[in-house]
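Structures given as structure tokens follow.
The two complexes that follow have subunit A in common; it is paired with subunit B in the first and with subunit C in the second.
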Partner chain A sequence: MTNGYHIVVCGSVVPDPLQTLEPVAGPTGPALKNEMMLPAVLDPWAAHALYEAANLATKVVGSKLWLVSVGPKAKLQQVMMTIAQRVSFELVPVDASASGFADSHSTAALLAEAIQSIPGLDRTRLLVFGGWESASRGAGTTMQLVGERLDILDQFQGVDQLNPQPDGSFEVLERIEGGRHQVSACSGPPLLLGWATGNLPEPRNNPQVGMANMRSVMPALQRAKSVPLPVGGLHFLSASPPKQRRQTRVVKDLSSEQIAQEIAEWIGK
Partner chain B sequence: MAQHILFLAHVAEGANTLTKASHEVLGAALKLSSQLGAHLTIGLIGHDVAAAAETIAAAGADKVFAVFGPDFATARYMSDAAAAEAICRSAAADLILAPASSRFMRVLPGVAYRLNGCADTHVTSLEALNGELRATRWYYRQRIEAVIRREPRPWIVLLEPGCEAAWTGTPGPVKLEELSPPKLTARTVVTGIRAPGSDAQTIRPDADLLFVAGAGWTKKQSDGKTHVAQAEKLILDFLRASGSSLGGSKSLVDQTGESQAVLRFMTHLNQVGQTGSTPRHPKGLSMCCHGEEPHVVGWRFINERRAVNLDPNCGWARGKADVLYVADAFEVLANLNALLTPLTQTSLEAMTQKA
Partner chain C sequence: MSAVPPVSAAEQPTIERQQMAVDIACVGFGPAMGGFLTTLSRSLLNPDGTVRLESATSPGMPLQVVCYERGDGLGFGVSGAVTRARGIRSSFPDVDLTQIPMAAQVNKERLVYLLDPWRATRRSFAFKAADRALRSLGFLFGVKHEAFELPYTPPFMRKHDGLVLSLGQFNQWVSDQVAASGLVQIWPGMPVAEPLILGNTVTGVRLADQGTDLQGRPEAGFTPGMDLHAALTVIGDGPVGTVGRKIDAHANIGMPPGHESREWALGMKMVVELREDSGLEAGTVLHTIGFPEPEIFGFFYVHPDRLASVGIFVPSWFGSPVRTAYRYLQHFMLHPYLWRYLQGGTLKSWGAKSLQESGRHGEPFLAGNGYARIGEGSGSTNVLAGSGVDEAWTTGVQLAEAVIELAESRRAFTREGLEATYVRRRRESWVDAESKVAANARNGFQQGVITGIIGMSLAGLTGGRFAPALRPASRRFPSLQEAYGSRISAPELKQIEEECAIQGTSLHDRIMDRCGWPQIPLDGKLLISHQDALLMGGGVQAPSGFANHVIFRRPELCRECATKLCVEMCSGQAITHGEQGVPAFDREKCVYCGACLWNCRADGDVAQGNVEFNAGAGGLHSALN
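Up next is the complex of A and B:
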């Protein structure tokens, strides 16, 4: 690959996993209580996709990396303050709801439109990355819908590894049942990958990368158009946190032998 | 109201039968057909589907459509999407039920787009109430449960395994209607499956027990030293003796990428929780894990839960486990291994080494 790849990563923001989430009724369906007040992070699987993309882009000279993100502008800005310090990318923001209760079909339409609007994007070098699921909707449907809209028929989900080959093809490892990987060979771009966790650690914060990114991120956020997200025929009849709460028996006064005996009996029941 | 229901399935990988999850979805499809008075059609995909079709002949479907041949032997987006699209168009169903296998999870959302319909995955139950179809699924990684309905049709619903009783019936002859999707030039070839060796396979979806190891196994113990080798041995011995499936907390599996002392068999595939899996096992046993909320959301479908931890105020104590044992996990697991494998004293020897 002499000209490098054009890598587009789709990823949005989700509430910090440590926050308590409580559903409330909103005008178009359920929403999270104090949603705009909750601290947000880049969706974990999308973040893995971004780190893998950045790693690939640095290895293959001439590659370009875009992060296409659908989310409320204020939340995107907050998350970019940290993410932008980790890897170099160009942000393509779309100011719309990032709620887990939004319809993935509508979100996919916005993402596909945003990708198609990227100037100079070369389909023959195009790799579309994203998380295989999100920590909000958790549906695992959005990336496939984006791929169909972009007419990309080589799609992979639950990807843990992408190995570019000297002949321009790729080896792809996808998670399947039973802790195994399916190995595929794809002849080359365009292809779409929904990433699982991959193999890379979180990159360290680099203030210089952050400074460089923010020069383009802030104007992009200012230009981002606010778009309503259609409900798309999806109706919520109820949304509630799980009611089950256990009465935990805390055992402090048994020896390890006695505990082992009790656990062994429980396993054998 | 659904008038036509399609049950869509693929044969099990490397076999010519249907998976247990497929039989569960067939049970759900038959129940709904009966409730709604709807017609049931079956669609099958695979290299050779004849034997699989015979096993579900007694389901009494109006028609059985099939797309088969070497092109459909492996799970590949392009060919699977073409096959599923051909079956769905021929069946003209307004509700399409399929198991949430990795093969169908990859491809059916895209098929929904082609059919101008919609798709929902990870559905845990589907019911008809006053002729209206309602699906239940979780949002925000098993932290909020919602009931939804959809207007667009066809509606493709992928049901999670373990949520319905598996249908059983007597095998018999069946008339297959073969469909031929348009021939496409495939740019992707599935070259194989990469799996750990049989002795290193720690993920067992059908196991009765989930054993979760936390980061505490690799931390300094009461003697001020780490005992990672002993931890590895104890855990592997337990997995072998109990036949359980191994899960891990994020903090433990992340150590692999952070150049810390690690359990060598623990990978991101084992990770349970907010950013990992949500396995389904009847029982779960956690050791050396704090039971923080992002991890415990992955336990949503584990019914009976016990934990061993030195901290009596850890997350498990706050209504997340049925029993919390405040004890040294090394000692407990060594004794447990001795009880489960009384003929071998290897774990106790490992414990002696630590002492």
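Up next is the complex of A and C:
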């Protein structure tokens, strides 16, 4: 049995996907138009990782949870006002761009460096969590690179469940094709998990958690140093948000089967 | 759906709630709270970092101040504001406020009379005559694009030395400054359910329960709302905020005798990215009258980066039960005078909010034992100048200065103490002096638009010495027959009404089509369906785990109601015709504008009709508003 885990969650901020995101050509490559005006959220993949981490930390006495987050300081502060109400953590902020156009290697280097700088981090108890496809434009590369830089050999991607075993080992469920899971066994920390959605609902707001978190979050943000996030020699030929085609129809009294049928027909057109 | 009655208090099991004590609990984050927290946070510490105002709940620490906002973000407020920013500027004397995203110095201001290009509006004889005269003599008056630019903007309306702002971006900027101090905590996405009142003293607030079904019944993960106890509760949750209205309804601490808040307006707007050659400069401000109905005033404010806020105000005294603002807003934008600028533009954002327009007559007790009211919900909006943001900000600053004075002298936040400090400051300020001038400025609108405009002009030009004295009577809305009987026969109106009820749609489109309004030429970019505006312009969200916040208190009253103004006025089409005559509410479409509150015809057993409008999470998700 363990004395508790040291869980580090890599969770960066991204522009709220509900806003209109418009790529523009900036002096150093692609950027988002009016990026600083856009509200930010914790990357949804990483948010699931954070909630799973908090749940595990609550269950295993003696565990400690850090959130390593990359983004402009002002945006990090905005996001903390929301998530710091939900789970207890210690923030390790990295003040850098969160436009989504950085190279995975550069992002992974920043994250790994921030993790290595955490005082008292015990590698024999270390679990590194993150979003499966985070900070990589869906490529799923960044967390793998973080693991490589930290010399963590046991890596799992697309994780939906982590089951600690009495002997200190883990059972890990990774998503595979066909809606099924691959079940793996792992002897113990250090371990890196790129989370899919997990199984936990979003935690409720807890004002006492928020009050306690903010006592450490705000000083950490005030100390955060601004660092460059190089694009790593990438050249973007073009950038565009996913195409949307919207057609709205208000219907009443249709069964879910009828609605599904109609949507399938619409997609088929 | 809200047809299922909520769980009554008697059915609720006794719930054990977490308790927390702070020094100051704040409800709602808008301009007023921004002014309060900005001013207070600068005074909590001495320049050397030692505590200046010590906490009673955490000795040795500065005052513990926490603010809860029901919206999911602090930048999701709605208002394309033009403000003289006198109070705001005095809070930031060394800051160039035009550096706030979407802010611009006002550099051109026009008052424009819009003619009716389609002859479809409900114009009175006087307005029709004005249109005819302007069309006939247009070459003399410079009438172009079906509009007449008045050569003169009355001084009481002018914002020539002010700022065009996006309230969302302004709130975000202010909250960033305040939160960065680390001295004040602001928590969005956390609705406050009600004030905690003991006798005539407000002792704090109760946060909303989480983990419930739509009827408020506990589900998995149920978390009872915490009781937050505070020596001072600051209420700045706006005109439809739950806490403010619950205090308003309280016998001894709510409204002073003779005060009422019967005058409202719904403001609905879009933020549009203008085409590159629109020719409009940032800082351009247009105020309009005359169209899309004589009673509906409009605005057009130009921000930097080719963005513009375009919107209308639909007032409570608008004599039509068919008053969905969305289609009126589209017709407003299509008016030839405005469309020449808007054509080719793209919708970036959309939103709506209720404005409390009773001004001084709707002012509650500003302070009492353990509480103080600031901002729009405290009656600070100047209804003559059409200005509320700067006034709200200034009331927040005044309260903060009062709190500092009381805390430094170690006096309690009692009614006497707050009246001697906060209320005194407010009474001695320009906010109060100008609200006296404005007090009766809008009374004339109860008799019609022309008398209203005359009344406003009289009040504005005589410093409030002359203005119509008659206040609006209790809420009364005309029936469909009264409003449209002269244009549509009674049997046809009846038929339209029945068909709309069966189809679950509002009457608005059918009636406007029938009265000759043209169809909206949807283009998928700027002219889009109402539901698409929710998705594309507002990103409306409704987080799970909270009870429905709109409840029809007594279903039998809804069944008896023929007009169902709540359906007609709903900004997001969240309220529709429901089963057995009781409206249905879909919280996933609610933008929290609160129009259902003041558009309920039913003579319920409370002042605001039959709609209970509670604390709810979610709503708009656009930061450009």
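Operating definition for what follows: the second predicted complex is superposed on the first by the 237 of 269 C-alpha atoms of A that agree within 3 Å, B and C clash if a C-alpha of one lies under 4 Å from a C-alpha of the other, contacts with A are read in each partner's own complex, and residues count from 1 in each chain.
Everything below uses one rule, namely that a residue touches a chain if its C-beta (ideal position, glycine included) is under 8 Å from a C-beta of that chain, and two chains touch if they have at least 3 such contacts.
Note that the structure is a prediction, hence the values are computed from the model and not measured.
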{"item": "Contacts of A:Gln85 with subunit B and subunit C, given as first, second, both or neither", "value": "second"}
{"item": "Partner chain in contact with A:Glu177 - subunit B first, subunit C second, else both or neither", "value": "first"}
{"item": "Partner chain(s) touched by A:Asn34 [first = subunit B, second = subunit C, both, neither]", "value": "second"}
{"item": "Contacts of A:Trp66 with subunit B and subunit C, given as first, second, both or neither", "value": "neither"}
{"item": "Touching partner for A:Tyr5 - first (subunit B), second (subunit C), both, neither", "value": "neither"}
{"item": "First (subunit B), second (subunit C), both or neither touched by A:Met214", "value": "second"}
{"item": "Residue contacts on subunit A - larger count, subunit B or subunit C", "value": "B"}
{"item": "Partner chain(s) touched by A:Pro201 [first = subunit B, second = subunit C, both, neither]", "value": "both"}
{"item": "Subunit B versus subunit C as contact partner of A:Leu18, first or second or both or neither", "value": "both"}
{"item": "Overlap of the subunit B and subunit C footprints on subunit A, listed as residue numbers", "value": "18, 201, 246, 248, 250, 252"}
{"item": "Residue ranges of subunit C touching subunit A (in the complex, touch as defined)", "value": "18, 20, 66, 72-76, 101-102, 169, 172, 175-176, 179-180, 182, 185-190, 207, 210-211, 221, 223, 226, 228, 305, 348, 504, 529, 531-532, 535-536, 539, 541, 543, 545, 573, 621-624"}
{"item": "Subunit A residues touching subunit C - in the complex, by the definition given at the top", "value": "16, 18-20, 34, 36-39, 74, 77-78, 81-82, 85, 201-202, 204-208, 210-211, 214, 218-219, 221-222, 246, 248, 250, 252"}
{"item": "Partner subunit B, residues of subunit A touching it in the complex", "value": "14-15, 17-18, 21, 23, 30, 32, 44-45, 100-101, 103-105, 108, 135-142, 144-145, 147-149, 153-158, 160, 171, 173-188, 196-201, 232-242, 245-252, 254, 256-257, 259-264, 266-267"}
{"item": "Contact set on subunit B toward subunit A in their complex", "value": "13, 74-78, 81, 101-103, 105-107, 109-110, 112-114, 118-122, 134, 138-152, 184, 187-196, 201-205, 209, 242, 254, 257-258, 268-271, 274-275, 283, 285, 292-294, 300, 304-306, 308, 312, 316-328, 331-336, 338-340"}
